[in-house]
Every structure is written in C-alpha cells, then in structure tokens.
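Encoded as structure tokens, here's the structure I'll be asking about.
Per-chain residue numbering starts at 1, and chain names A, B, C and D are given in the order in which the chains are listed.
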Amino acid sequence: TIEHIFKEIFKASLELQEDDHRKALLVSRKRKPEDTVISVKGTAIGNGSPQYVMGPCSVESYEQVEHVAKAMKQKGLKLLRGGAFKPRTSPYDFQGLGFEGLQILKDIADKYDLAVISEIVNPAHIEEAEQYLDVIQIGARNMQNFELLKAAGKATKPILLKRGMSATIEEFMKAAEYIISQGNEQIILCERGIRTYEKATRNTLDISAVPILKQETHLPIIVDVTHSTGRRDLLLPAAKAALAIGADGVMAEVHPDPAVALSDSAQQMDIPMFDHFMEELKDLQNRIRTEVPVR
Amino acid sequence: TIEHIFKEIFKASLELQEDDHRKALLVSRKRKPEDTVISVKGTAIGNGSPQYVMGPCSVESYEQVEHVAKAMKQKGLKLLRGGAFKPRTSPYDFQGLGFEGLQILKDIADKYDLAVISEIVNPAHIEEAEQYLDVIQIGARNMQNFELLKAAGKATKPILLKRGMSATIEEFMKAAEYIISQGNEQIILCERGIRTYEKATRNTLDISAVPILKQETHLPIIVDVTHSTGRRDLLLPAAKAALAIGADGVMAEVHPDPAVALSDSAQQMDIPMFDHFMEELKDLQNRIRTEVPVR
Amino acid sequence: TIEHIFKEIFKASLELQEDDHRKALLVSRKRKPEDTVISVKGTAIGNGSPQYVMGPCSVESYEQVEHVAKAMKQKGLKLLRGGAFKPRTSPYDFQGLGFEGLQILKDIADKYDLAVISEIVNPAHIEEAEQYLDVIQIGARNMQNFELLKAAGKATKPILLKRGMSATIEEFMKAAEYIISQGNEQIILCERGIRTYEKATRNTLDISAVPILKQETHLPIIVDVTHSTGRRDLLLPAAKAALAIGADGVMAEVHPDPAVALSDSAQQMDIPMFDHFMEELKDLQNRIRTEVPVR
Amino acid sequence: TIEHIFKEIFKASLELQEDDHRKALLVSRKRKPEDTVISVKGTAIGNGSPQYVMGPCSVESYEQVEHVAKAMKQKGLKLLRGGAFKPRTSPYDFQGLGFEGLQILKDIADKYDLAVISEIVNPAHIEEAEQYLDVIQIGARNMQNFELLKAAGKATKPILLKRGMSATIEEFMKAAEYIISQGNEQIILCERGIRTYEKATRNTLDISAVPILKQETHLPIIVDVTHSTGRRDLLLPAAKAALAIGADGVMAEVHPDPAVALSDSAQQMDIPMFDHFMEELKDLQNRIRTEVPVR
C-alpha cells in the first residue's frame, strides 16, 4: 500500500538525517573509528586499561594533599585530582584556594611524579592554569558554559569534561564538540550521575551512558562514583559496575580525614577505605581483563 | 553553644527515628540479617550465584515459546518468563493470550523441566494463576496496585516484584512490605529502570539501587536489562554491570524472530544473540565469582 | 534537491501518521469536536463554569464529613469528595474505612443534597460502589491499572481519572481511552502534579497539561491543587492559575481539624481557610468569566 | 513519652536551623520584608502591575528588531529583549551577532525610547555590555556559572536571572545570592520551566515556583512562557496562569517572520499573534487587578 511505502521512505529519511548529523560531529566515531587514547605524563587513558583519578574534593593544605598523594603513590596511581576553584551552590561556602591551590598541586605532583587535574571555572584562567595542570577539568555546572568550552578548545592540555547535572547524552557530546571544534582533540568524558526524582543517592548514576558514549564517540569515558552516588558505601559497587560495563577509568574522592573536610565530607573515602577500594578494583580488573594485567 | 547541642540532639533524633522506621519493616535486613534465598523448582535465587530469567515479551504461540525454551535448555537455564496478561499503554495494542498463554507456558515448562514466571494484573486471577506458574510477576505499572499486592501476599508461590516507573527505593521496599505483611516471604525484587528526562534509553537503569536494596533488605534483587535500556545493543553491557555490582540475577527478553514480535520488537534478542549474551555473562560470572563455578 | 524533497516527504508522513493515530482515539477532539459536558446530580462539569470538588482526604467519621459538607453547602458547592479506600505507600498506614466510609458519604450526600466522589481501587468493587457514588475516582497510582480501567469503562457512573505520578500526557489520554473504549464516555480528567527532581512541592503542578488536554481531547479537566503542591500555602495561588488557564474545576482537601487528620495532615485546609479560598476563587471567577456569573 | 519529646525537639531544631539559614540570605524576605521594585528607564518591575518583556529570540538585523519594537511601542510596552550572545547546544548553530547585536538593540532603544535587555555569557563582557543594556540577562545554562554571577554582582545595571534547567528553587535563590552578595540588589528572577520526563512541552513550567519565590524572597519574578512551553499555542494560556498566580511580568519571544528565524522558529509569535496576545493579557490584567488600571 501507499501508506507502507510512505513509512519506509519515512524511516529511510530519518536514518539519512541522523547519519548526516552524527557524521558531522568531530567527536563522533563515524568521523574517527579508532579510539582516542590520551597520554597524561606517560599514563594512557582510553587504551583498554582503566585508570584511577583520585584526590580530595578541595585542596585545603599542602599536608592534606601530600597525605593523599603518598597513598596514591603506594598503589601505583598517577592521576591526582583536587579542587582549587570550587563552584559552590552558596556564596558563603568555602570557594577554594584558587591559584594557591593549583601551586600546591603542582609542587606535590613534581615531588611525587604525579599528573594533576583540577577544575577551572573562568575562561580567563585557562591559559594561566596550563602552567600548573596536566589536565583541565570542566565541571558539571559549566558543561554548557560555552565561553569556557571555547577557551578549553584552545588549550594545549587535555580536558576532562563532566556531564551536566541534567544534560542529555546528545548535549554532552555537543559540549565536547565545542572543545574539539576549536582544535583540542584531547577530551576525556566523565559520567557523574544525573538529577532525577530519586533521592536515595545524590544523583542517579546513568551507567548506560558509558556504552552509549563508547559507541557514539571515539573519546575515553570515566565514571565519577563520588558525585553520582554521594554515598561512601556505594563507591566500590558503583566502581565495579563501571569497570564491568567498559569505562576507561574511575574517579573518586579521598581525604585524610573526611570528617573535617571543607566540602563534601559525607562522601569522601579516608585512606584505609581508599586502600581497600583500590585493592578490590585491581583484583576485579585483573579478573575481567586478563589481556591487560595490572600489578 | 546551645545551638550545637541542639544540632547534636537533632541528628540523634533523626537517626533514632530512621532506625525505628526501618526496623519495623519485615523486608528490612534489620529484621532479618541473613539473605532470603528462594527456591524455584530446585533453582536457588539469592544464594550468591546469579540466575537468568529469559523469554519472550509476549507469549504468542506454542511454537514461539518452545523455540526459546529449547535455546534456554541448551544453555542450562531454568527460569522461563513470558507475558500472557500484557499491560499495554493503548487499549488497541495486543493484550496477550491470557490464561491460554499461561497454559502454553505450563505445557512447555513440563516438557522441558523449566520453571515459569508470568505477570498477573488482576487480584482475582492470582489464585487460578498459581496452578500454572512457579513465580508470579507483578509489573512496574502495578507496583502500587495495593489490592494486587495484598492478593500476592496470600499466594503460595514466590512473587517477582518490579520497581514502579518512578518509584523511589523506599516506596519499592514498602510495596514489598505489602506482600510480606500478608504472609508471603518469597519476594524477588527487580530493578527495571526509572523514568527520567534522558531519552537515549527507554528508561534510566538505576544501577545503584542494587547495592542499596541488598543493604536495606534481605531479599534477592535482579536487573531487567531489557526494559531499563530498551536497546538491544545495551543488554550485554548492562547485564555485565548488574553482575559486577552484585545483582542476584538478570532478566532479558528473547524472541525467535523479534522483527515480527507482537510487542517490544525493538528490544528483544534473537537466538544467536541470546547465545552470545549467555556465553559472555557466564564467562564474566566465572571470572568474578571464582568460588561459585558455573558451566 | 533530493534531500529537500525527502525532508518534505518525511514531514508529510510524520503528520499523516500522527493524524491517523489521534483520530483513532475516542477521547480525541478530532473524533468529537464539541466539549463533553458531564452532569453530576444536576451539576454540569465542562460547560465553561468551573466546579469545585472538595472534602477530606480520608473519611474518618460521620461527624467529620458532615462538618465539611455543611461548610460546602454554605458556599453553594455540590461535589463532595472523601477517601474510603486509601492507597497508602505503607501497609501500616491508615487504609480507610472501605464500604463503611462510602455509606457515610452517601448518608451525608442524601441529607445535604450533594453528589459524592470517592476512589475505588479494586475492579471487583466497582459495581457495588455504584450504589453509593455519583462519580468513581481512579487514583494516580492506578492510572495504568488496566483491569480497573476496563471495569470503570463498564460502569454507569462518571469516572474521575487522575493522571499517574509520572505519566506522560499521551499515556494519560490512552488510560482514558481504556475507559471510553468499554462504553463509558463520562470521564473527567484530573491533573495532580508530576514527579520531578524539585522537592519544594510534593509534586510539580504541570499547569500546561490543562490547555494541552483541552485541545487534544473533548473531556473536562480539573486540577487537584492539594496533591500537586502538597502545601497549604500554595492551594489558593495554584487554584487561581488553574482557573485562569481554563480548567473546568478545582479539587482540594478540607478537614475540620487538619492537625489530627489520619492522612495528609500537612496539606488540608481547615474550614476558615476553605471559606477564604472559595471567596477568593469565586471573586476571580466572576472577574474573568463575566459571561457566566456565579453567586 | 521520651520519644515524643525528642520529636518535638527535633522539629524545633529543624525550624531553628531553617530559620537561621534563610535569615542569612540577603535575597530572603526575612532579611527585607518589603518588595524590591526595580526601575528600568522609568518602568517599575515588581510594584504589583505586571510588565511584559518581549522581543526576538536572536537579534538578526536592524530591520527585524525595529519591526518588533514598533509593534511593542504600539501596545505601550517598554522592555525590549533580544539575544546577541546566543548559548547554543551545538557549536555549528548560529551563535548571535555579539556586540554588533547589542549596538542594534541600543540604536533602536534610543530611537523608540525603549529599555533593552540581552544575555551576557562571559564575565569579561559584563562591563562593556553595560554601555548598551538597561538590564543584563543571565541565562538558564549559566545560572551556576558563578564567575559570571560575581561579575554581574558588581554591575551597576539590574540583572535578569533565569532559573537553571534543573535547578531547585533553593539553588535558584542561592544563585541570586551570589549577585546580591557582591552589592547588586537589582535582581529580577525568571521562571522558565524545568526539565522533566514530559516531552509534550519543551520544559515543564513550574508555576508553583512563582508564589514560593514571592514568599521566600523580596525580588520580582517573571515567567518566560516561550522557553517553558516551547509551543506557540500555549503562550497565551501559560501567560494567563502566570498573571493569575501573581507573577510580576511575562516574557515571550516575537519575530516578524518566525518561519525564517535563525533560532527557535517553532515557538516565536508573529506580529498579529503578538497583538492578540497583548490584548488578551491586558484585558485579563484589568479584570483581575482593578486597583491598577492599564490602558
């Protein structure tokens, strides 16, 4: 019948349009079929072997960060993250140490041979921040701060882009496209939970976003288990799910003494918990990815 | 200061209240610390070894179900699920074969020594359905159909209770409490995705619900990867995440010829895909749970 | 270009399909352009003059209901609502007086010449309930309890159908279609808020659903300001918005002494508040709909 | 009993904490009970008489904006809004004319004696933008771009702050607090719909946010009916609801020829529709607020 033919044409058109559309995006796997692997001070992200981005929510002092850095070093980790510019809901909450915090991170990274990652919130700071950082983070609240994305697109350092609190996967890819279209192809995507009606967790970890983004884009994707769950008791199970579903890495927060942390005290791990967390994950990693053994 | 003392009392009261509250629930782990293990025709659900509940979305014919049953048998599976009473959004969609469908399931179960699971939607049907079924399913749309829950609570067969489309974890537990408070302690919980703004998947798989429910209740919990993702390409990664995070089982839909299925044709696996799905999951299961080997 | 022609065909097909689809629904305005006006004991719902459905959350006693009935009578209202079968999240909450509660409602309705509305939750109760009720309510939790909808479709009394907690407008219309397709054309739709991430209100009043449903269907639509806001201080402003946007009525809860109510004590109005509420709304109604004066 | 006393103390503590908390905010009505009235080139916003902020989604040309400005002038309106810096989901969409667009707005404002409002997206642009604009808009995507908020807090012009796509009312107030805490007390809040599962509208207009924000803060609040509904056919009903519930103004988009608009063509009004829109709203306004007559 005519109607049937119309439906077929309809479907064909639909697919054509979608094809064109995705092909157009530089982040799309249609544009570049092979995985993008990002090298951060010699550590590869996106090569099939998961990496761990760990550190305190906020940089509070040299001692605090060093404490965490040592624990990470002992576990063979390389990617230290700490917040120096903190986007906080209230103007009266601790706003971070700013460039002084970046300096602390850099000093410790130099001392322990680590790479450092920290969030930048102002387009005007990107250039200066590159002197301190190995990876520039753009946070969830700024995922559609397009001025910041454009500035990040001109940076020479890799960008870790977090998904917005209520961003669709499509919007997330287009935010990455803002960066790549300015010339910076080194982008690490980060799923960090989405806002839903469910309040048992701080956000709802959208674990399915990982395989979708792996299919649709050529970029590495890591999972922030701290902000997606907001619960210390869920960090390990969520990280296991992330590894099993194919994430390129896991991000979590560690603090020498979470009870006195200046931000997010309820969700950071202390050192013994971190040690256990890493042992469990490396054991799982060894079991499920025999081809890429880790120590 | 006074304010500080007040805050301490505040927190103490809060915890006290929450404690009391959870202790009161019969489904709570505070009430029964050890895991509930449910035996379905000799197959244990909830004993640490994951189980697989598979079958077509709708029972369409004897031949269709038998085709799937044979494939399951070859993989050593025991738990066959098929829909006979179909709650469909539109009254003009296929509504299922009803008791005739249950008879088909029972005949095939007898022939192949399988256990059968099917959804019941009317409290008045529960008693009759027990003659056909090994497990009675209560679907997401009926999670707060309290009349149905009460009738299920008087049944002698185990109940598979699916989480409502926008139910909180707390509401989910209280729905299970309706069943257990009527005397039926054999309840399998099923996470099947929640409704969010994200439309890349049919629902958003709330993977964190699994460890939360394992902590809060003593009941087994399985993950329906078909309805949570609604995408054939995500069934396997989602199932891997479910196993890794500690689910007691996985549910998915299989159809001999999904293209002609009377419902949900876009999300069911065909037999070769099912074979691959099971091989991958059993491999993962063997790797991550060495203490419980499976063939 | 070819691509452009394809796009045009695409759009045409899309519209054709949507047209067909909506035309098929019996609740659709395409099927019946003129408004359905429902007469409840001589009171018209859907004729352009808004009506008020008021009463306690739960029927607790004859005295309690009579107290409210008298206050309604004084304001010239006719539509008394009270809950006798209460679908409660926990099995340990007050579950309502059942048929005894319906009897109380009927006795008071007879005495004060009011019409009564109450929720029925079991398909097996519909027939018996018709002896007591002028309108049968189907609650939000049962919007996709299709067995109940089918039973309601065979009733001889009008049905007040509440939107499900996370139902789309399309699902809401199709739930109404279940009723009308069984022969009962007397359906009043009720917007009662949807579940979102925002917790400042109990639900989020989806006020735009009112004009959409007025356009898409020929059925009257009322707004439940109590469950959508869950806050006594928002009942009046929400009701004003409902009248201004074209709702056919407003539903709210009134209790002689909300502080001791057996359910939902935080959101019911007491009598003086109800008096003020009605005066304000009738004043607004007189101002905005001069063609239909009310006393 | 002890438990009861604890509960009472609990409630008291809770209220105390909340009280303190709200009192601390400068935007809170506890801090300043009287309404903040903002004067924009002689037009008062927040004095009980609603105002209308109208204009094209994007500034495309002098002629286009002038066309709208003339229509507004004829209706006695003063507040012209147009987008020059456009935050667009994709980097390949039209990004706006930038400062050239602001110049067009200013020229037309001077010619027709209007006030102009436009969005600024980069903290570094705020100071320069003040030369062109009477009100600086901060858009939904930037509601938690705290660097931008701080810069806005140092501006000498009023700020129109839109609610973030999935911001809670509390987060919205705290975003305003970022501005006021830097010294700028002239803030107009704008409800523009929130992201929910419902896709019949572009966003879900959270109409209840209006009375909540009027209670909690002393700031004027307007409703953007264009972005909350995303549907031309819902602009008028939504605007009526906004006026009835007590909004201080309505914002909507008008374009001389929406079909060729460079952005959001599906939701802008053309001039005849705008004329009808304004007539209907002024009629409603006259009816419901007799004490403040408008022409």
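Definition applied: contacts are C-beta pairs under 8 Å (C-beta built on N, C-alpha and C of every residue); 3 or more make two chains touch, one makes a residue touch a chain.
What you see is a predicted model, and the numbers here were worked out from it, not measured in a lab.
In terms of C-beta pairs in contact, B-C outnumbers the other of A-C and B-C.
Mean C-alpha positions place chain B and chain C at a centre distance of 33 Å.
Rounded to whole angstrom units, the spacing between the C-alpha centres of chain A and chain C is 46.
Along chain A, residues 166, 195-197, 199 each make contact with two or more other chains.
Interchain contacts join each chain to each other chain, per the touch definition above. Chain contact summary for the complex, chain A toward chain B: residues 166, 168-170, 194, 196-201, 204-212, 215, 228-229, 233-234, 237-238, 240-246, 284, 287-288, 290. Those residues of chain C lying in contact with chain B across their complex are 24, 87-92, 121-124, 141-142, 144-148, 165-166, 171, 174, 177-178, 181, 195.
Residues 3, 6-7, 9-10, 12-14, 16-17, 166, 195-197, 199 of chain B are the ones touching chain D in the complex.
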